[in-house]
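Same chain, two partners: chain A is paired with chain B first, then with chain C.
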Partner chain A sequence: MSLLNQTGSVIAMNVRSIPQRLWMSLATVGSIALVVAVLLGFLALANGFNQTLKGSGAPDVAITLRDGAASELNSVVSREQIDLLGQGPGVRAGPDGRPLISAELVLIVDGIKKSTGTKANMPLRGIGPNGLLVRPQAKITQGRMFTPGSNEIVVGAGLLREFSGFELGKTLRFGAQTWKVVGVFEAPGTVFESELWADAPVIQSLFKRGSTFQTARIGLTSPAAMPAFVKYVKDEQRLQLKAQSEQTYFADQAERSGLLIKYFGWPLGIIMAIGALAGALNTMYASVSSRAAEIATLRVIGFSGFSAFIGTMVEALVLSALGALVGVAICALGFNGLSASTLGAGFTQVAFRLQIGPDIITQAVTLALIIGLIGGIFPGLRASRQRPLLALAT
Partner chain B sequence: MTDLDLVWKNLFRKPLRTILLTVSIFMAFLIFGILTSLNVALDRASESGSASNRLVVSNKINFTQSMPYAYINRVAAIPGVTAVTYQNWFGAYYQDQRTSRFVGFAVDPETYMAIFRDEARLTDAERQAFLTERTGVIVGKSLADRYGWKVGQTIPISSNIYSQANGRRSWDMKISGIFTGAKPTDPTTAIYFHYDYMNETITFGRDQVGTITVVTASPDQNDQVAKAIDANFANSPAETSTVDEKTFSRAFLKQAGDLNFIVTMVVSAAFAAILMIVSTTLVSAMRERTKEIGVMKTLGFSSPRVLRMVLGEAVLLSSLGAVLGLGTSAFILTGLSKSPVGSNFGDLSMSPVVALSGLALAVSLGLVTGAVPALSALRMSIIEALNRG
Partner chain C sequence: MSALIQLKNVKKTYKRGKESITIFDGLNLTIEQGDFVAIMGPSGSGKTTLLNLLGGTDRSDSGEINFDGERIDGYNEGQLAGWRARSVGFIFQFYNLMPVLNAAQNVELPLMLTKLSAGKRRANVETALKIVGLWDRAKHRPKELSGGQQQRVAIARAIVSDPKFLLCDEPTGDLDRNTANDILGTLQQLNQEMGKTIVMVTHDPEAARFAKRTLHLDKGVFAEVTQ
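On to the complex of A and B.
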């Protein structure tokens, strides 16, 4: 019998004997599944948040902040600066033939986070008619857009999902003014969905902002026009602003959220994995010792130690692969698409959905298979080194 | 040979198996110890420095919106208010905006130090210096240690919000004192400086205050005073929202996410995993010993005694893992407290409550995992046991 045939039949024997150690094998599968589910949960959380930030930035839209401001909240941009920005190279013309610039301001208002019932920071963004043109993803899905010059607000669908206080048709009070929510917009997979939008001039006057804005978003003719425009803003002494592509702006913010995985997800995943590994080793040692007589018989009739090793190894890998499968299934059914929210870089809440992707599934499954591999090696070695006659004697 | 000796011998009959089980249990309690302590520390952080008779007044729209300076005196005049101070968030950082941001407030030194005397402890000389030096700043001990600041030194403090009329974004401040917290473990990673110094030099946002802290005559009057303050400013351009300090900081911490929920989920998952591993392994371990249990019963060991011994073995096993796991997490937490990230949480060390609930959890884990093998040992008849195995 060839080595290949030997190994094949030993693997079959091993796998078919799993039901004899049903409960211990199930415990191994279950514990590995939980490791995979916890790790994948954290990875999906970070992944969903990152994807939302990354999905928000367009490569052909430049965002300018005051030089030194880290977020929109801390930035100031004047009317004059905005006019100067319009003279930059590569600026696209809007439908009215004038430069496509959306001058915006953001302030923070309170909403109530549904999951905790506590107050949370909601961004109220003042935009003009160009606001929608630089965000082609956004569409009004219920009600209508606000009428320029009126105290009307439209609310993002993500914000509605996670926070209460801004339902369609509701009248709100900010200071001495009342506002009405007249529409809901969707901008799937972007941070804009977590915002409230109103008419910029109305916000300027009611919140006493004079004629200043905080940021300008500039539509360029193509992503290739970005470097020239960034350089123009940097060199124009009268501006004192910093321009960057919206894509870079949000990618920078996404980078910082990696901390969650670094400090929580992976350490936890690895600690749990070691716990599950100990369980897997026990199961596999039990498997080897319960089949001691069987292994010995095979050795006596000429099977190699190697086939015994591989048989044990494959059994461990099958169990861990099953565990990984169950863990991924738990995550896919239980967590994927779940809505969550956290405080973003702009000091306001960002609503996002947990998102499982091929790359993070690969990471979690790899961890499971490593458990299986290590959990199989040592018991496998014991199986291959077993002295046949001694085992048969007992 | 006592029963305990027997239990101990049984436990280590297969040393490798016991060690592996201990590792599993150890890991679960490591997670429990660290996560629960972190959660406790965060809860406590929202309460540290909050006195029961202090209220926070902020703009009703959101606490990042300011209120007119004139509100301070109007709040002070409301019945039941015994003291008032105010603060403005500065967006402070030192040298590098990305890596060295910290809490910085512009305050009124006299009223601030009167109310927060315990939370920001200074010597009398330092207190006096802070009162008289217009550009004075008091810095927390942790920050002073981090940047090597000394009393008397002048440091540039920048703001990511404000700028000066002369175009500069940083303010030269002279360190009047280095404060410590009420307890040595309280976080001291903040700076406080003169509101007037800031107000006179900033280019926008003058004569505005961020939040007003109010001391009431007694905690019983909190609700009444809070309502009176908010009613006073109703229908004005800057309406107020007044809550007690604890509610205010808790709401702020909750913004990051529901940590309680995440901790509960992860700890439950870890325990579900070891519950499965340990109980199934113990069941199979007992099955190997069926014959032995038969012999013990033949020798006159009563069924309850056998039950106790099997349960005892499971409890001993889980306690062993738990004590090691909790001990290690206490050790790790101490190290974490000293790291720059951990120092923001204040005291991270494991509280007796966490340690005791960990031990209680260990005993119940032992009882649950030992239940099935113990019951089967209890029910087993001698004949059956001796025939099997």
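On to the complex of A and C.
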């Protein structure tokens, strides 16, 4: 009880004396806030990117690529293979009673990024009538779907946010052909929102792709049908394709690209944290030395070295918690929901929104508290070792 | 009268670099219950070391230190801290109040080391501040008080847990004559009316006159005893 009382009194005194070291304490709070904001910014980027890629895949849609191809761009799938895929187990029937298969091809075209004014790659996807059926989350929100057989395209809402020149009604030029934007579609939180869609046969003929495709998306009756279908594709010698659930496909891509952002963010955060730690140590050593007479007096009166230690620790933790709070606030108000785009797998741009979630806030706040803990521990030990000599107190 | 404090054959040496400096080599001292002793002496005579030994803030190399029948020279840091909290009230030259706490909170500090309830602590703080005549300044911070008032708050802090022994280090060294006399009068009152045993280190012969007796310390020995 007495230990609690005395520690409580020392903590209260330390915290209330912070205004006496206002500027130094503010500098510490500021540097910790900066660390938290930067780290949180990167983690929110990685988080938003991951969520977008993970949200893109359905568990009951299989995607097939040429065996050995890492992404859609370097895959080839023929008309014959697609017919064979339709004979696989668990394939759902489309509205026309035929197997629900969307044979697709992807080309890279140029776009101008609004934020930088520079050229960037974007995917132009050729889809057939089943393209929307295997993507139930995609909806035309402005204009209409392209007419099969025409030079018409629809544009994803995410791409429209990040790139200029794709507004509804505009005419575009890709290669030797002109195209007209007739619709805008939304597929919230998926990579498809960063794409342009047009009729697959038109793209095949205009870009001289013959009758080949790059991927096939196969709608299955349920996620439970996935393993049997994957096994069928693997065992069928005439196919030479690899099938996996669309969910797994995007999760793999998310992991690779997301890790890159994350592993850039953490080292940067840690380097900045070391700088902030130096500041915190400095502030806390100054705090201990400015209170040397007070600490010595309390020790003479009978207060323990432990209470001096805890008092200093709590002061450091309060400063770092304040810094964390400011950092999280900066991020939440400034970055959260901000849209961004970056290169995804396949060298095309993926538009996504920065997402701050409880787990990444926990990570950034933990880093701030570690700074506070280390920044408090050594000055705290110095405070606790302050000898209760009367000469010092006077 | 019985002895409150007894120093028997106390030795104390400090190391400064390779050199060791002997401060006390067989010091003996007895202070009776209810005594008021002024200790005077030139710089370097050992006054501060004596104060630290009497207050349990430093330890002797050998010899005995007894307090009210309790032998404290063998105590470790923790035991000494507990003993100080129970038995000694300290009064410093520069008051040593906590600037962020008001007068009442400063006075309450030693009670934080006890098991007293908050209500009982408040009551004791009120009593102590009334004794020094500053209850009406209970909510004032140290910087809002004069030097003399700050020293009165410090005296209230020293007596709030009702220790038998008050140890004063130049209690009036920072005050003008009139204020100093007021403070010394208060100490005298605590000695005479409440039976507090007081040891006061001072440079000021005027201050020493308020004590019952004065000891002159020189080169680690009591050179002269004035009754």
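To be clear about the criterion, the second predicted complex is superposed on the first by the 383 of 394 C-alpha atoms of A that agree within 3 Å, B and C clash if a C-alpha of one lies under 4 Å from a C-alpha of the other, contacts with A are read in each partner's own complex, and residues count from 1 in each chain.
The rule is short, and it goes like this: a contact is a pair of C-beta atoms (placed from the backbone, for glycine too) under 8 Å apart; a residue touches a chain by one contact, two chains touch by 3 or more.
Everything numeric in this text was worked out from a predicted model, so none of it was measured.
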{"item": "Partner chain in contact with A:16 - chain B first, chain C second, else both or neither", "value": "second"}
{"item": "Which superposed partner A:6 touches (first chain B, second chain C, both, neither)", "value": "second"}
{"item": "Which superposed partner A:176 touches (first chain B, second chain C, both, neither)", "value": "first"}
{"item": "Chain B versus chain C as contact partner of A:298, first or second or both or neither", "value": "second"}
{"item": "Superposed model, chain A: greater residue contact from chain B or chain C", "value": "B"}
{"item": "First, second, both or neither for A:145, with chain B first and chain C second", "value": "neither"}
{"item": "Contacts of A:374 with chain B and chain C, given as first, second, both or neither", "value": "neither"}
{"item": "Which of chain B and chain C A:338 touches, first, second, both or neither", "value": "neither"}
{"item": "Residues of chain A contacting chain B in one complex and chain C in the other", "value": "none"}
{"item": "Chain C partner contacts - residues on chain A that touch it in the complex", "value": "1-2, 5-6, 8-9, 13, 16-17, 20, 293-294, 297-305, 387-391, 393-394"}
{"item": "Sites on chain C touched by chain A in the complex", "value": "48, 51-52, 55, 57-58, 77-78, 81-82, 84-86, 90, 92-94, 96, 98-101, 109-110, 112-115, 157, 167, 169-170"}
{"item": "Chain A-touching residues of chain B, taken from the complex the two chains share", "value": "16-17, 20-21, 23-28, 30-31, 60-62, 64-65, 91, 97-98, 160-161, 169, 204, 235-239, 241, 250-251, 254-258, 261, 265-266, 269-270, 272-274, 276-277, 279-281, 283-284, 341"}
{"item": "Residue ranges of chain A touching chain B (in the complex, touch as defined)", "value": "21, 23-24, 26-28, 30-31, 34-35, 37-38, 41, 68-70, 73-74, 76, 107-110, 113, 115-116, 118-122, 173-176, 208, 263, 268, 271-272, 274-276, 278-279, 281-283, 285-286, 340-343, 347, 349"}
